[in-house]
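Labels run A, B, C, D and E following the written order; every chain starts at residue 1.
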Amino acid sequence: MNNMETYMRPFIDGYPSYVFVDIYVTSIVAVNEKTQSLSTQVKMMTAWYNGLPLWMFYKRCGITQFHANKEMFWTPDLLIKESIKTEYGTTPSPYVQLELWEFSISIDILTLTTACSMDLYKFPFDTQTCSITFHSAVHTREELEIDSLSKAQFITKDSKKLFEAQGEWELLLIDTSRVNGTFTGLLQDLLVYQITIKRRPLLYAINIIIPVFFFLLLDVASFFIEASGPDKLSFKVTLLLAISVLLLILNDTLPSTADRIPLIGVYCIVIFSLIGISILETILVNYLMAKDAEEKSAALMEKTAAVSGRDDSVRNEQILPDSVRDENEVQISSFWIRVARITDVAFFIFYIITVVVFLSVLGKIWIS
Amino acid sequence: MNNMETYMRPFIDGYPSYVFVDIYVTSIVAVNEKTQSLSTQVKMMTAWYNGLPLWMFYKRCGITQFHANKEMFWTPDLLIKESIKTEYGTTPSPYVQLELWEFSISIDILTLTTACSMDLYKFPFDTQTCSITFHSAVHTREELEIDSLSKAQFITKDSKKLFEAQGEWELLLIDTSRVNGTFTGLLQDLLVYQITIKRRPLLYAINIIIPVFFFLLLDVASFFIEASGPDKLSFKVTLLLAISVLLLILNDTLPSTADRIPLIGVYCIVIFSLIGISILETILVNYLMAKDAEEKSAALMEKTAAVSGRDDSVRNEQILPDSVRDENEVQISSFWIRVARITDVAFFIFYIITVVVFLSVLGKIWIS
Amino acid sequence: MNNMETYMRPFIDGYPSYVFVDIYVTSIVAVNEKTQSLSTQVKMMTAWYNGLPLWMFYKRCGITQFHANKEMFWTPDLLIKESIKTEYGTTPSPYVQLELWEFSISIDILTLTTACSMDLYKFPFDTQTCSITFHSAVHTREELEIDSLSKAQFITKDSKKLFEAQGEWELLLIDTSRVNGTFTGLLQDLLVYQITIKRRPLLYAINIIIPVFFFLLLDVASFFIEASGPDKLSFKVTLLLAISVLLLILNDTLPSTADRIPLIGVYCIVIFSLIGISILETILVNYLMAKDAEEKSAALMEKTAAVSGRDDSVRNEQILPDSVRDENEVQISSFWIRVARITDVAFFIFYIITVVVFLSVLGKIWIS
Amino acid sequence: MNNMETYMRPFIDGYPSYVFVDIYVTSIVAVNEKTQSLSTQVKMMTAWYNGLPLWMFYKRCGITQFHANKEMFWTPDLLIKESIKTEYGTTPSPYVQLELWEFSISIDILTLTTACSMDLYKFPFDTQTCSITFHSAVHTREELEIDSLSKAQFITKDSKKLFEAQGEWELLLIDTSRVNGTFTGLLQDLLVYQITIKRRPLLYAINIIIPVFFFLLLDVASFFIEASGPDKLSFKVTLLLAISVLLLILNDTLPSTADRIPLIGVYCIVIFSLIGISILETILVNYLMAKDAEEKSAALMEKTAAVSGRDDSVRNEQILPDSVRDENEVQISSFWIRVARITDVAFFIFYIITVVVFLSVLGKIWIS
Amino acid sequence: MNNMETYMRPFIDGYPSYVFVDIYVTSIVAVNEKTQSLSTQVKMMTAWYNGLPLWMFYKRCGITQFHANKEMFWTPDLLIKESIKTEYGTTPSPYVQLELWEFSISIDILTLTTACSMDLYKFPFDTQTCSITFHSAVHTREELEIDSLSKAQFITKDSKKLFEAQGEWELLLIDTSRVNGTFTGLLQDLLVYQITIKRRPLLYAINIIIPVFFFLLLDVASFFIEASGPDKLSFKVTLLLAISVLLLILNDTLPSTADRIPLIGVYCIVIFSLIGISILETILVNYLMAKDAEEKSAALMEKTAAVSGRDDSVRNEQILPDSVRDENEVQISSFWIRVARITDVAFFIFYIITVVVFLSVLGKIWIS
C-alpha cells in the first residue's frame, strides 16, 4: 500500500488493457424459482495484462514460473451484473501466477448466486438460460477490454467434465458473447456467459402429474358408479381433497407469475375444476332422480287416497311402487329420470371430449 | 492511512458537499411478508464532490480518465434508514472513477434487505411501496446534501430495462424525493427512493381462491342432495377438511396482522364458517325429520296396539307406513317434516343471499 | 495504530468516563418462539466523552462541526448481554461526530438478534418483554458509566414514529433502567432497554382457533344425528382428522415448553380429546342398540320357532319386527335401548357442561 | 505488528503458561437433531498469564485498572474441538483487562454451534449431554495448560441465573473436566465442558403422542361397531389416514438413525401397523359373514326352486330369509358366522393383550 | 508485509516444495440431496516445508518448540476443488508450529460444504462417496507436491474415534489418493480424499416404506370386501389419499433426477398406480353388476306388464326379485354377474402376481 504505482492499471499507451475471464460451471448448487436466482459453483480463471516483462528474467536466469502476492499488483475490478452474492469456496488464494508473456493469472473457486429471469411456463419440462455478465466497475471500453480466453465449446466440454451434481438440473451449454453496454454515458465492454440448464422432470411427474392424472381418470370412471349410490359423491369429493393435498406440493415449488401461468398450474386447476363440475353434475342428476321419486310417491299418495276404499289392487301397487305402474303414469313420472339420464350421458360425452382435448393440447404445448 | 488529510470531507467554504445517489433496481430477490422485509438487488451509482481539480491535468496532459484506489479518498458515509442487511453482490471494487468536473464516481452492485411496511389487506391483489432512504451518518444538512443524479422517470425506465426477474413481483415505479429529517437535534438531508411493486396473483388464485370457491359452490350445491341421504353430511364435512388443508398454505404465506385482517383470510374463514353453519343446519333438518319419523312410528304403535284385534286393515297400513295414512294423522305427524322443509328452504335462500352479498362486496373491495 | 495514546480511554482524574446509548427500535424483523430469540432493527446512537476540548477551536476559528475517522479515537467497548448476532444494516460509517462539549457521537443502524425469554402461555394473545442490556466488556463501574441520553417516553414515541413494520408484532413500550451487575467480582454498570411488544393474534384465530371451535361445535351438533345412522361415526372421525391437519400448523408455530403448556395447545388437545371421547360414547351407544336388536331378533327367533305352526299372526309380527311387539317383550328387549338413550342424554349433558366450563375458563385466562 | 515480541507466548522458564476458560451458557439457541448440532449463546471469560508485572505500577502510581488493546499482546490460540461455527454476539471488544497479578482477562459473548452426538432413543423424554472442548491449536501440554477458573457448581449456578430461554430445553448441569489428548504425537491439555440439557416434552405429547394414542383407543373401540355395518371400515381407514398426517410432523422432527430407532417412531409405526392389521381382520370377518349370507341364499334358492310349486309356506320363508329357518339349515349355514365371531373375539383378545403389553413395556422404557 | 521475502515459497533448488494435508472427518453436519452438497466438520492438519533450519537453534539452545505468527511466513495456497463454502469452526489460530525438521504445522477446525455427486437410486439404502480434492491455486506439480501425511487406514480409524454425530449418516471409510490434474495447460498435483458414508434408513422405512406397504396390503385385502357394498370404493380412495399425504414427505426429501429414478419413487408411484387401477376395476365390476340388476328389473317389468292380469303368482316373484326366478331367465340375466365375477377373480390373480413380482424384484435391486 505504500507503493501506489503498483495499484495503477498497467497499459501500453493508446491501447486498452486486456482481461480474460473463463468460468467453468462445476456444480449447480441451487435454483430458486421463487426468488428467481441461480447458485452455481464455478471455477473462475482471470488473466490480465500486467506489463511486467518477465521474459527478460527468463532469458537471463532461466526462471519460468513466477508467483507473487496479489496485493502487490493491480487486479481488475470486475463486477458481475446479476450477482446477488459471491462467496469464495475456500479462502481465496493470496497469490497470482505471473506468466512470461506479461500476464497475471488468478484462479478462484466461487459460489455465485445470480439473478436469473426464469420462465416457468413449461415447468417441469423447462430449460432455463441464465446470464453471468462481467464488466468493469469504473473502466470504459477504451481502457479495459474483457473477453473469454477459451472458446465456448471448450468451456462447455470442460465444465461437463468437472460437473459434479446429479441433481435436478443438467448442464446443457455454456455460451459466451461480448457486447457493448452503456452506463452513465460510458461505453463499457461486457462479457456475457450464458448457462443453459435443463430440468430433470421425473420427481414432479411422480409427485404431481401422475397422481393428478389418476385422480382425473378415477373421476371419469366414477360416471359408471351407480348414480343413486351413496358412494359416488363421497368418492368424488375425496378426489378433490386429494388434489388439495397435492396443491401443497405445488405451492412449495412454484412462484406466482403473471402473464403466462405455468402449465402445471393450469393442469392442476383445470382438473380440479373438472372434478368439481362433475360433482355438481352428479348432484344435479341425483336431485332429478330424487324429484322423480318424490313425484311418483306424491302421485301414488293422491291415487291411494282416492281409491282408499278399494283394497286388493292398491296393495299390489303399493308393494311394487318402483317397478310396475299404469303405463300412463309411468311415462309422466319417469320424465325426470329420463332428463337425468340424458343429462348424465350428455355431460359424460362433453366431459370426455373436454378431457381428451385439454390433455392433448396441454401435452403438445408442454412437452414440445 | 498515514495521510489523514485525504480522509477529510472536501468542501468549498460556506457550501455543503454534494453527494448524488442513483439506484437502479435490477431484481426483486425476495419479499418476506412475515418479517416485513424486501430484498432487492440494486445497481447503485454514487457520485460526490472530491475537490480535485483534475481538469487541470486534462488541460496540461490531455488525460481524460482517472481512477484511483477508494481508500485514498474521503467517501460519503451514507446509511440506509430501513436497511436490515447490505451485501455486496461481488467483492466491492476498490477503485473510484475521478471525473474531470471534480467528482468521484463509485458503482456497486448490492443486495439490500430493507424493512418495509406492507399492508396485506388486499393480498394477493396488492401493490406495495417500499422506501430506501439515504442519509449521512454524521453530517448535517449544512455539510452534506444528498440528491439523485437522474430523474425518477429515467431511473424507472432504466430499472425496468435491467430488471431480471419474472417472479412474483412486477416493478411498477421508482420515485425519488428529498426530505428533511431531524435526528438528535440536527437537520439532515434525506434522499428517499420509493419502489412500487405489484404482486402477480395467479398462483394464489390457483392454490387458494379457486379451490375454496369451488368448495363453497359444492356446499351450495349440496342443498340439492337428498337431506336424509347418508352422503350429505360426510360430503360437507369433507369440504371442511379440504379447506383445513388449504389453511396450511394460507398459514405459510400470511403474517398475523391486526387492524385490518387480509381479505383472503376473511374469504377463507367466512367460507369455512358458512360451510360449518350449513352443516349445523343439515344436522338440524335431519334431526327434525328423524323426530317426525319417530313420532309417526310412535303414533303407529299406539294405534296398532289399540286395533291389534283387527287384522287386515292394519296390515295394509303397516306395510305402507310412509306413504298412506289417515288424513288426520298425516297432518299431525308431518308437522316436523314441514318445519324441516321450511327451515331448509329458508336457510337456503338466506345462504344464497349471504354468499352472493359476501362475494360481491369482497370482490369489489378486493380487486378494485 | 502507531499512536497508542488515541486508544486510551479518555477520562478526568477521579471520575468515570460517560457513555450514553440510545436505541430506537425501527422494526421487529423476526420473533422466533422456537429459538426464543428476537431480531430487531435498531437505530443506535452512542455518545461518549472524548476529552477533546473542541470548543477552543470554536472560540478561535468559529468551526462548529467536526468529524473524524473512528479509528483515530477510543470507542467504548460495549457488549450486549443477550446478543446472539449483531449485523450492521449498512457498512458502518467510518466517521464519528465530534461535538463541542467534548463528546463523540456515532450513529449506527443495526440488526440485533437477542435471546429473549418468552412465555407462550397466552399465545397468541401474548405480550412479550425482551431486554437489551449494554455493558462494558472490561471496564468497571468506577471507570465507565453507561446511561441513556433520552428519556424512555421520548424513545418510545420516536421509535413508534420510525417503526416500519405492520407485521405480527406491535411495539408497545421501550423502557430503560440502569442497574448494577457483578461479573468476576467487578461491579459494572448495566443499561437495560426493555422492549415490550404485543402479538397481533388474528391470523392464528383464523387458522387455528376458529376452525377448531367449529369442529367442536359440529361435534356437539352431531349428537342430533341419528345414532344408528352410518354417517355419524365417519362424520365425527373426519372432525378428528381435520384437527390433526391443524395440529400441523400448531407444530410449526409453537416450541415445546414445560411448566405451563401454552393455552392454545390445551385448547386443541382438549377439544381433540373431547371429540375422541364423544366418538367412544357413540360407539358404545351404537353397541348397546345393536345388542338390543340382536336380543330382540334372538327372542323373535325363539318365539317364531315355538309358534312355527301358526301362520297368519306370526306373519304380521315378522313384517313389523321393529315397531309392534307384545308389551311384555317390548319392555325386556328395549332395556338396552333405554340404557343407550339414557347414556346418550347423560353424556350429552355432561359434554355440554364440560365444553361450556372449559371454554369459559379458558377464555377468561386466555384473553384477560 | 511491528513489535514481534508482543506476540510471543509469555512464560516463566520451565513452567507452562496458564489459560483459564470459564463459559456460562446463557441461552440454548437451537438444537438440531437432524444435523446433530447444538447452538448455545455463551458468555466466555478467558484469563491468561501475560507476564506483565503491573503490580509494580500499582505500587508506584496507585493505578489499579489497566486496559489495553488486544492486538498488542499475545492471546491464547484456543480451538473448540466440536465447533461448527463461532459467531460473536456483538463485535468483539478490542480491549483486554490487565490484572495486577500478571493476568489478562477477556470477556466475549459468543454463539457457538457445536457438533453433539445426540441419542434420540427416548425422544421426546430425552436428556442430552454435549461437550465443548477447548484446546490449543499448536501448543503442547508442556507449553500451555488450560483449566476452568470457577468450579463447575458455580458455573452451573451462574449459568442458570443468566439463562434466558424458556424454550424446548432446560439446562440441567454444566460440568468441567480436564483430560489429556494426543494429536500428531503431541500431548495436549483439553478442557471439556459438558452441558447437560433436558427436553421439555409437552408439545410433542400434544402433537403426536396423545393424538396417536386416541387413534389407537378409537381403533380398539371400533371392535364394538357392528361388524357388517358400512361405517366400520371407513372409520378405521380414516384413523390410518390421520396417523399418516401425524407422520408428517414426525418426519419434520426426527433424523434417521440406525442402531436404536427412537421409541416415538416405534410407537407410531407399531400403532399404525396394529390398526392396519385390525383392518385386515375386519375385512376377513366381513368376508366370512358375506360368505355365510351367500351360502344361505344359495341354499334358499335351491330349496325354493325345489318347492316352487307350493306357494304359501314358501312365501313365509322368503319374507323372513334372515331370521327363521329350519334348525338343521341354520346350523349349517351359520357355520361361517360362528367362525367369524370366534375370529373376531379371539383377535380382539389378542389385540387388547398386544396393546396393553406394548404400551406398558414402551412406557416403562420410555419415561424411566 | 514489509518483508516480502517471507512470502516467497520456500524450496530447495530443483525440488518441489512439499505440503502434507490430513483431514479427519469429525462430524457429518448435513447432507443435502437437493443441492447435492455435503457439509462436514473436519480437523485439518497442514504441514509444509518452511526451509527454516530450526534444528540449529535446538542444537545451540536446546529449544524444541517454536511457534510463530502465521502472517510472517509463506503458507500454501490450497484450494478445494469441490468446495462451496469453507467456514472456520472457531476463529483460525494465528499461529503455526515450527518443527525442528524444517516443517510448519497448522491445525484448523473447518466446516466444509462441498459439492458431491450423489446417486439416489437406492435411497434410503444408499451409500455415497464424496471427494474433497486439494490442489494449489497457482503452483504446478514441479513447484508443489501435495500428499497426505498419515495413511488412509489411520485417518479412517482416527476419524471414527473423533466422529461425533449419531445422525442419519454413518462414516464408513476415508480413502486418499494422489492424482495428476491439468488446468490451463499446467500439470498439478491433486490430493483426493474420498469419504464414504452410509445412510441409516430406519426413519424412511417408518415414514414411507412401511405405511405405503400397508396401504398396498389393505388394497389387496379390499378384494374381499363385498363388491357391491358402499364401503369398498371409499375405502380404496382413502388409501389413495393417504399415499398422497405421504408423497408430501417424499417431495421434501428427494430431488428430481433424470436417468434413473430413485427406487423409492418407483415404489410409491407403482403402488399408487396399482391402487388406482384396482379402483378402476372395482368400478367396472360394480357397473357390470348394476347392469345385471337393471336388465333383470327391466325383464321383470316386461313380464309383469305382460301378466298384469294375474295377481298372486306375480306377487311372489316381485317380493323376491333377487333370489328366485325362472331358470331360463336367471341364466340370461346373471350373465353380467358372471362376467363381473370372472373379471374380479382374474384381476385379483393378475394383481397378486404383479404385486409379488414387483415387490420381489424391487426388493432385490433395492437392498442388495
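Definition applied: contacts are C-beta pairs under 8 Å (C-beta built on N, C-alpha and C of every residue); 3 or more make two chains touch, one makes a residue touch a chain.
Chain-to-protein mapping (UniProt): A, B, C, D, E = 5-hydroxytryptamine receptor 3A-like isoform X2.
Because the structure is predicted, anything quoted here is derived from the model rather than measured.
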item	value
Neighbouring chains shared between subunit A and subunit B, ordered by label	none
Same or different residue numbers at the subunit B/subunit C copy interface, by half rule	different
Superposition of subunit A upon subunit E: rotation angle, C-alpha, nearest 5 degrees	70
Inter-centroid spacing, subunit D versus subunit A (mean Cα positions, whole Å)	36
Centroid distance [mean C-alpha coordinates] between subunit D and subunit C, Å	22
Contacts with two or more other chains, residues of subunit A listed in rising order	230-231, 234, 238, 241, 245, 248, 319
Topology of the chain contact graph, where touching chains are joined (line, ring, star, complete, other)	ring
In the complex with subunit E, residue positions of subunit A that touch it	26-27, 29-30, 39, 41, 43, 45, 65, 67, 69, 71-72, 87-91, 93-97, 105-109, 111, 124, 164-168, 170, 199-204, 206-207, 210-211, 214-215, 217-218, 221-222, 224-226, 229-231, 234-235, 238-239, 241-242, 245-246, 248-249, 252, 312, 316, 319-320, 323-324, 327
Subunit A residues within the subunit B interface of the complex	1, 4, 7, 9, 33-37, 77-86, 115-120, 137-140, 142-143, 183-184, 230-231, 233-234, 237-238, 240-241, 244-245, 247-248, 250-251, 254-258, 261, 265, 268-269, 272-273, 276, 279-280, 283-284, 286-287, 290, 297, 300-301, 304-305, 308, 311, 314-315, 318-319, 321
